[in-house]
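Letters A, B, C, D and E mark the chains as written, and numbering starts fresh at 1 in each.
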Amino acid sequence: MLAARLIDNIWATRKADSLKGLKFMLAEIIGGSDNGQRLIVIDNIGAGIGDRVIISTGSAARKILDNDNIPIDAAVVGIIDEDCNFG
Amino acid sequence: MLAARLIDNIWATRKADSLKGLKFMLAEIIGGSDNGQRLIVIDNIGAGIGDRVIISTGSAARKILDNDNIPIDAAVVGIIDEDCNFG
Amino acid sequence: MLAARLIDNIWATRKADSLKGLKFMLAEIIGGSDNGQRLIVIDNIGAGIGDRVIISTGSAARKILDNDNIPIDAAVVGIIDEDCNFG
Amino acid sequence: MLAARLIDNIWATRKADSLKGLKFMLAEIIGGSDNGQRLIVIDNIGAGIGDRVIISTGSAARKILDNDNIPIDAAVVGIIDEDCNFG
Amino acid sequence: MLAARLIDNIWATRKADSLKGLKFMLAEIIGGSDNGQRLIVIDNIGAGIGDRVIISTGSAARKILDNDNIPIDAAVVGIIDEDCNFG
């Protein structure tokens, strides 16, 4: 999984039907040599801009939804505790 | 998912039979440390050159088609709103 | 698989229900040109901070759990012997 | 998918039984910030050295064969038209 | 697939039960812009240190075993002929 910070919302009115209702956010990897790499993730656990989160990628991301047929490859799976200083 | 801009069409007359009829485009990642990385994607939601799009990769890309046996690993799944300024 | 060193714990009180009870750790790749790259992994074989470990990523990571529906994409699958000098 | 040029053949007499009869080639990514990255691909659509091709990676690559149990992760799925100038 | 050279053995006495009996080796990518990147692979076709090999990654790696539930993501699938000069 990746440690990242949510830095913005992504709005896409036109999208695949199966993605309707999902919340898209822009995440930026924090720490390590991939620091600053960005990806778009879906969030369904209530994370917000500024939160440091755990992101799962690939087929793992779809496991957070009840439907394996949604075309997503990255999702927030956890919110890192504010008092957790790591790395 | 990746935030990218569609920058060109890709034409391949000779290709796997299962890819016949699909539209291939060249996308370039925008923002973050992967800025400028390029990949070929399929589009079936009506995106065009110049559009900023959301791209799903890996097995997720095949979910946008009705058939899981098509050998693609990247697809446009959404078109980012023109007035969406992110990052 | 990746050779990495476990460098810290990651605490995330708010997370997907299916992740409750799993232990998250921060790993840093050792050696090669990816040296210093970081990722979050789960550990269920008793590894600790400072250990050099073997990490499996992608769908392989879920094979270490009894349930293929957990949204994880990286897991410790082995602890490298202390007297193993490689590379 | 990746845009790449086929630059050589790869010969491996000793290999997994399920790979017998497959043609292996060396491909080099063209364009973008991954320009020059190399990977080994299988080709079963008649591509040759010098051709610019579309390469699918991951589980998608296996979809070009009739058998999902072949251990390959990259395959030529299309040959880019000679008069297609992109990027 | 990746072209790599096997450069060492990796010993891990403590590991997931399903990995018992598998041979782990350290591989280093040769050629291209990923030259020098390292990963741990399993070998069950008799490769040795110094051999140049073809490595399959991701779910493809598991296809070389008879069991899809082993948590590995990289395996030697072929040994490049000694007289094969490529790239």
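Worth a mention:
Following the convention adopted for this analysis, a contact is a pair of C-beta atoms (placed from the backbone, for glycine too) under 8 Å apart; a residue touches a chain by one contact, two chains touch by 3 or more.
Just so we're on the same page, UniProt names per chain: A, B, C, D, E = Ethanolamine utilization protein EutN.
Given the structure is predicted, the values throughout are model-derived calculations rather than measurements.
The minimum number of touch steps separating chain C from chain E is 1.
Chains that touch both chain B and chain C are the following: A. A rotation of 70 degrees, rounded to the nearest 5, superposes the Cα atoms of chain B on chain D. Looking at which positions face the partner, chain D and chain E present mostly different ones, since fewer than half of the interface numbers are shared. Chain C and chain D have Cα centroids separated by 31 Å.
Work out the mean CA point of chain A and of chain B, and you get 19 Å between them.
The multi-chain contact residues of chain A, meaning those touching 2 or more other chains, are 34, 58-59, 61-62. Contact topology of the protein chains: cyclic, one closed ring where each chain has exactly two touching partners. With the ring opened at chain A and read toward chain C, the chains come in the order A, C, E, D, B. On the side of chain A, the complex with chain B involves touching residues 7-16, 18-19, 24, 26, 28, 34-41, 58-59, 61-62, 69-74. In the complex of the two chains, the chain E residues touching chain D come out as 1-3, 31-34, 45-46, 54, 56-64, 75, 77-81, 84, 86-87.
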